[in-house]
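Next come two complexes, and both contain chain A; in the first it sits with chain B, in the second with chain C.
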Partner chain A sequence: MRTEPTRIRSLDDPEVLVQTPATIYDAVPPLTPRTEREAEFYTLGDGEMFVNLGPQHPSTHGVLRVVLKIDGERIVDLDPVLGYLHRGVEKICEHGDWHHAISNCDPLEYAASMFSEALPVLAAEKLLGLEVPRRAEHIRVLVWELNRIASHALFIGWLALDLGGLTPILYGFTERDEIVEMLAALTGQKLLFNYMRIGGVNGDLNHEFLSRLGDWMGRAGKHIDGQATLMNENEIFVNRTKGLGVIDRETALRLAMSGPPLRASGVPYDVRRAHPYSVYPELEFDVPVRSEGDSYARYLLHIEEIKQSLRIIDQVLQRMPDGPVMAKLPRLLRVPPGRAYIALESPRGQYAAYAISDGTDQPFRFRIHDPSFFNLQAVGLLTPGHLVADIMAIMASLDPIMGGIDK
Partner chain B sequence: MPAASLGDTIEVVIRPASLPAVMRTLREDADLRYEILSDICGVDTGLTMQVVYHLWSPLSSDWLRVIADGLSREDPRLPSITFLWSGAEWGEREAYDMFGIEFEGNRDLRRIYMPPDYLGFPLRKDFALADDASRGPGEGIRPMETPHRPAEVRTTGALRTSPGAGAVLGPGGEHLRVSPGAATAIAAESGEGET
Partner chain C sequence: MSSLSDPWKHLSTSGKIILPLVALLVLGTVALTVLWVVGIGPQVMQGLLDTAGANIGILRFLAAATGVLLFTVPAAFVIIFMELKIIAFMNLRIGPNRIGPWGTLSSTIHGLKVLAKEDYTPSGVDVPVFTLAPAVVYLAAVLTLLVIPFGPGMLGYEMELGLLYFFAVGGLGVIGLMMAGWSSFNKYSLLGGLRAAAAIISYELPLILGVMGVVLLAGTLNLGTIVENQSGWFLNWYAFQQPLALIIFFIAATAEASRTPFDFTEADSEIVAGFATEYSGMRFGFFFFAEYVNVFILSALTVTLFLGGWNGLFDIDPLLEAVGIATPVSLSLDIASLGPWLMAIPVLVLPILVMGLTALVWMVKSSWGFLVSLIVGFVLANLLIVGALSIWALFSFDALMGITWFLGKSFALVALFVLMRATFPRVRMDQLMGFAWKWMMPAALLNIFVTAGAILIVKELAG
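Here is the complex of A and B:
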C-alpha cells in the first residue's frame, strides 16, 4: 500500500490559485467584459501590458482613473474610468427647489464656479420669462470674466507643471489669488461663490471689491504678457507642446467638443457670440480662433482669451448702470411648466442645462451638460502612439475638471 | 412631425426609429448644417422615456431640440448616433447608466458613473430617494433600488453566465446583445424614410 506524499503547498505552487479580492486599482476588471470595446481593450497583444494611472494622481486633475495599455513606452490604447466623484447632482437638483439647485451646481466646476452656479439661475429665468435688472446683468458678466481669467491662469500653470516646469504655476496662482481675494470681498467665498440668484445677484458691488479690482486691472495686462513671455520663449515647453495631440476640425466637431479645444481646431464656436446671452451682444470682443489644433495652439488660445476678457471687464466697468441688483420675485418660486435649454461659455467650453418644469417649486428634470465630459473623450483618440509622459501634456491641454465630469 | 417653437428653441419630436435618418439629414444637408451636437440626454417623464438632442448650426442662431419620444419604460431602446458624432458615445453611456436606455450600435455601452455590478437606474422617476417619504403623508419609504449582492452577481449572476463578450445587462437584468455596425444597418434601412 502506497500513500501519497504530502505536499507542502506554497504560493509558488502553480496549482494554488491565490484568491485576492479585486481592488479598484486592478487594471483588469473582475467581471467578464460587458461590451465589444471592453473585450477588445482588455485583451493583451504581444509585448503589451496594462498600467493603471490614478485615481489619485496629481496629473489627472482630480480623481480620474485611466487604464493604459502600453507597449514599451508607447501608449497603445487607454480606457478612462469615471465615477469616483459622482454625487448625482441632477437627482439632488430634482429633489430640492430651484434655489437649492444653485448651491448644488456650485461645486461642479470648482475652478470657475461662477459659471456652473449660473445654470439653474438662467434656466429658471428663461422659464419664468424674467427680466433681470441691467446692473445685475453687468455684474454677472464682470464676475464671469474675472473667473474666466482666474481659471485660465490656473490652466497655464497646470499645463507647465504637468510638463515638469514648476515656475509658471506659481505665477498662475499669484494671478488667481488676486482675483479670488477680490471675489471673496464681493461674495464672501473664495472657491464656491454661491453668488448668482434667480433674478439677479446676491449683493451689490462693494468698496473693497472695486478698489482691489482697480488695483489689479492696472497691472493685469502686464502680468499676462510676462507670463506669456516666460512660456513662449521657453524652448522645452514649446517643443513639447507643438504638434502634440492634434485634433483637426472635422474630428473636433464629431467628438462634440466645445470651448478652447474646439476653437483651437478652427471652429469659431463661442456661445457668447453663437447664441448670445446676458449683455454680451452689446460688448466688443473677439473670439480667438487658431487652426493648428495642437496643445500649443490650445495654450496660445487661453492667453488670447485672457486678453479679451480684460477688454470685456474694461467695457463693463465703464458701462455699469445704476439700479437694483435683484428683480422682485415671490418667496415661494413656482416656475411655470415648460422646457428650457440654456448654455453659457465657461472657461472649458459650453456649459449647458436642459430644464423641465412641471409647475411646482422643484425642477422636474435638470440636465447638466458639462464641457469637460465631452472634451475628455478626446484623450482616447489623441494619446495612442504617444509616449506615456505626453499623456499629461495632452490631458492638461484639454483642461478637464473632474467635479463637472463626474457630476 | 409636430414642431413647436418655444422661445428661441425650435423643437422637433420624432419617432425613435427615424432618428438616424433625421440626424443624418440635419447634419449633412447643405441648408441645415447642424454640425455641433450641443447636448444629448435622457428624460423620464414618468410615462415614457425620451432622448433629447440639442443641435446648433452656424446658419441659424436657434437651438434645435430633437426629442426622440415614446420609448417604453420597460425596454427603452433606440438607434445610436455615434456614426455621426463619435463624441455621443459617452453621452449615450451616461443615458444608459442613469436611465437604462439601450442605444443600438454604440459599441461601448456600459455604465460610466456607477460601479459595474450596480443594478438600477438612478435618474428614473421610480428610483426614489430614502427621504421621499416626506413628500406625501402615507407614502412610506419605497426601496431605493433593487437589492444588489455583488458576490452573487459575480458567481451566478447574469454577468458571469452571459454568452460571449457582446452581452450587456439590460434594465431588468436580462441579457441584451449589441451587434457590430447596428447603427449603420439601421441607418441604411430607414435612409429612404421621412426626414
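Here is the complex of A and C:
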C-alpha cells in the first residue's frame, strides 16, 4: 500500500501553503524577553493593545519602527526598533581610503548630505594640519547654508504633511527643488553631492550655479514668508503643535540633544558659534533661541534659521575671495597617526566624527555621532500619555533622518 | 479530490449572490416562453400591467432610487476631478492633463481602474460583514438623495418628514464604517472605524440642532416646502435669517462627511487608511465614492436648507412677463399659426446665419480660404443656435432653470470643501470632540431658543 509522504508545513514549500486552508494566523511563539524592560513592555495590561507603526508607515520618515502600546487612542508606552537601514557605514569607512569615506558618509543625512560628507574631510584635514584655500572655505559655507535651507524647507513641509496639510509639502519642495537644481549645476548630483574633498572642494563655482543662485536669492525671502503665512497663524496648526512635546532645558541637555530641538528649549548652543570652524567666526549671524521647547517653537525656530542662513549666504557671496579651490596634496594621501574629533552644525544638530589614523591611507577607526539619533530619543519621553495623532507631530518636529540613525 | 468537486465552496461571496440571480433570470425567461407558446401570454401580461398600475407608488420609488443611484456616479467623477485640479492649482502643480481635455476624464479612468483591480479578501476577516460594509456605506449615502429637491417638483420621493428621513438614513453610514473597521482584522481599521463612529455621533447632534432653527422658521420638515419658502430674491434665503445655524451646520457637515480638517477617520499619516485599510478593488471604490457622494449630498442639503435650493438669485418671472416672453412654450408649440410665409423664416435662419458668419470669418481671416471659412461658419452658426435654444429652454422651463441653479450652488459649495482640504491641517480627535460639545452644542441650543423667541415675539406683534 502506497502512503502519502507526510509533509511539514513550511514557507519553502509553496504547494503545501496553497493546499493548507487559510486560517487565522498561527500565534508566533513569543521570544523570551532579553531585558526586564522588554518583559515589562511586552506584557499587556487591561484594555491595552499593540500597534505596529512602521517600518513601512507613511509618516515615520524612513524605516523607523515603533511598537506602540495603546489604551484606546492614548499611548501607554512605546518601543522603538531601529536597524532597518543599517549598512555599517563606520566599518565600511575603515575599509576604503580617506577619499572613499567621503562618498560612504554621503547617504547618512540624505536630506542634507553636504554636511555628512564633510565629516571625513574635516577629520583628515585636522589630522594633516592642512591649510584649506580661502575660496574653498567660502564655497563650503555657501553650499552648507544652501543645503541647510533646502533641508529646513523640507522639514516645514513634512511637519504639515504629518499633521494632515497637503499644500505646504509642495511649497517646501518647490524651494528645495530650486536649491537642489543649482547644487546639481555645481556638483552634478541632486541628492548625494559628493562635492567636498580633502583640502578643498571638487570644482569651482560655475556660471549656471551663480545665475540660478542670484535668480533665487531675489525671491527666497518672500517665498519663505509666504510659506510661513500659510501655517504660522493657522488656528488648527497652532492648536495641534503649541504646548505639545515640551522638553525642558535640563532634559534636553541630559539626552545630549542638539540643533533646533535644543535651541527651542532655551539652550543657545550652536557649533558654528560654540566651537567655530571654517570661516564662520568672521561672519555675522544670530543664533535664534526660543524658550518654550514645544513643537511650535521648534517649527518657528526653523523659519528663523532659514532667514539667518540667507543672511550668511549674502555675506559669503560678498566676501568671496579669488584663488584656488584645492590645496596641493600628494596623490596617495597618508594621514599621520593620531586622533581627531571634529564637529559641525548640520540642520539637525551637532554632526561629529571621532577618527583614529594609524598612518596608512585608511582610517583605523571612524566613529560618527549623528544628532538625529539623540534627538529621536526624546520621543520615548514625550509621547506616553498623548494620543496616537500626536506622535506624528512630535516626531516630525524633532526631524529625524533614518539614514544617520541606523548608519 | 480535485478542487473542482465543490464549486460552490470556491465561489467568492459576490459569485454566491450573482449565480442564483442568473439562475432566476434563466427560469423566468423559460417560464415566459412557455406561457407564450401555450397561448395565455397576453392575458398574463395584462394582469401584470394591472398589478403594476395598482402599485405605481412602489414602481415610482424604485425608478427614483435607480435614477438617484445612477446620478451619483457622474457626480462623484466630477467632484474627484475638481479635487484633483483645484488642489493642484493650490499646490502650484499642473494636475491631471493627459486623459480628455484638461484631464477631465482622468477621474473616470480612476473609476475604471478600481473596477479592474483584484477584489481581495484577506484571511482572518469576518467575510459577510466585510463584504456588506461598503454596500451599507454607499447605500446610506445614496438613499439620502431621494428627498433632496433638485428642481421644482423634482424630488425622488415626496415625503412630509423629508429632513428626518435624511438624518435617519444618513446616520446608517456609521454602522457601515464600524462594520468595516471591526471586520477587517486590522488594528488600524479598528481605530479608524471607532474614530468614525465617535466623531460622527458627536457631530450628528449639532448638525440636527443647527437645522432646527430653519425648521422652526419654515414650520415643516418637508424639504420641498422649505425651498419654496425661500423663493423670491436672495435675501429671502434662510442663510440671512439663520447665519449662526449655517456656520454650525457647515462645520458639522464637514465632520459628518469626514473631510479635511476633520478627516482623522482615514488619516493617512496616522492610521494608514483607517477603516478602508484592508479593502481593495471596487469595495474600496465604494468607500471612496461614498465619501465624494457624501460631500455632494451635504452641499446639496446646505443649499436646500440655507441657500434657496433651486431658487435663483433674483426672481425674474415678473420681468419676463413684462417683456412678453413669459410663455415661450406656447409660442413654440403654436408655430403653425404663423402662416406659410412666416414659417419659412425658421427654415431660412440657418443658411442665412451660415452665409453671414462665413463672410465675417473670411473677412477677418482671409488666409483660410473659402471652404475652411464655410466650415468654421457652419460650426459657429450651429453653436449660436444651440446656445440660443439652450438659453430659451433655460428661461422657458422652470425645472431646467431650477436644476441649473441647484447644481451650480451645490458644486460651488463642493469647491469650498475642496479648498478647505488644500488649506487646513487635520484637527486632533479630542480637540474636535471638545469643539463639538463645548462650543457647537451650546451655540446650536442658543440659536434654537433665540429663533423660537423671535418667532413668538413676531407673532405677538402681528396678532
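Convention: the second predicted complex is superposed on the first by the 377 of 407 C-alpha atoms of A that agree within 3 Å, B and C clash if a C-alpha of one lies under 4 Å from a C-alpha of the other, contacts with A are read in each partner's own complex, and residues count from 1 in each chain.
The rule we apply is simple: a contact is a pair of C-beta atoms (placed from the backbone, for glycine too) under 8 Å apart; a residue touches a chain by one contact, two chains touch by 3 or more.
Not measured: the values here are computed from a predicted model.
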Just from the overlay, do chain B and chain C fit on chain A, or is there a clash? fit
Is A:Val388 contacted by the first partner chain B, the second partner chain C, both or neither? second
First, second, both or neither for A:Asp162, with chain B first and chain C second: second
Of chain B and chain C, the partner touching more residues of chain A is B
Touching A:Arg240, do we find chain B (first), chain C (second), both, or neither? second
Have a look at where A:Ala39 lands relative to chain B and chain C in the superposition and call it first, second, both or neither. first
For A:Tyr171, using the defined touch cut-off, is the partner it touches chain B, chain C, both, or neither? Pick first, second, both or neither. second
Rounded to the nearest Å, state the minimum C-alpha distance from chain B to chain C in the superposed three-chain model. 25
Name, in rising order, each residue of chain C that touches chain A in their complex. 87, 90-93, 123-124, 185, 187-188, 191, 195, 260-261, 263-264, 267-272, 421-431
Could you please specify the touching residues of chain A with respect to chain B in the complex? 29-39, 82-83, 86, 88, 90-91, 95, 126, 253-258, 267, 269, 274-275, 338-341, 343, 350, 352, 354, 356, 365, 367, 369, 373-374, 377, 406-407
Show which residues of chain B lie in contact with chain A when the two form their complex. 6-9, 11, 35-41, 43-44, 52, 54, 56, 58, 61, 63, 65, 84-91, 94, 98, 107-117, 122-123, 127, 129, 131-132, 154, 159-160, 162, 165-169, 178, 180
Listed in rising order, chain A residues that touch chain C in their complex are 22-25, 49-52, 57-59, 73, 160-167, 170-171, 174, 230-231, 234, 236-237, 239-240, 387-390, 392
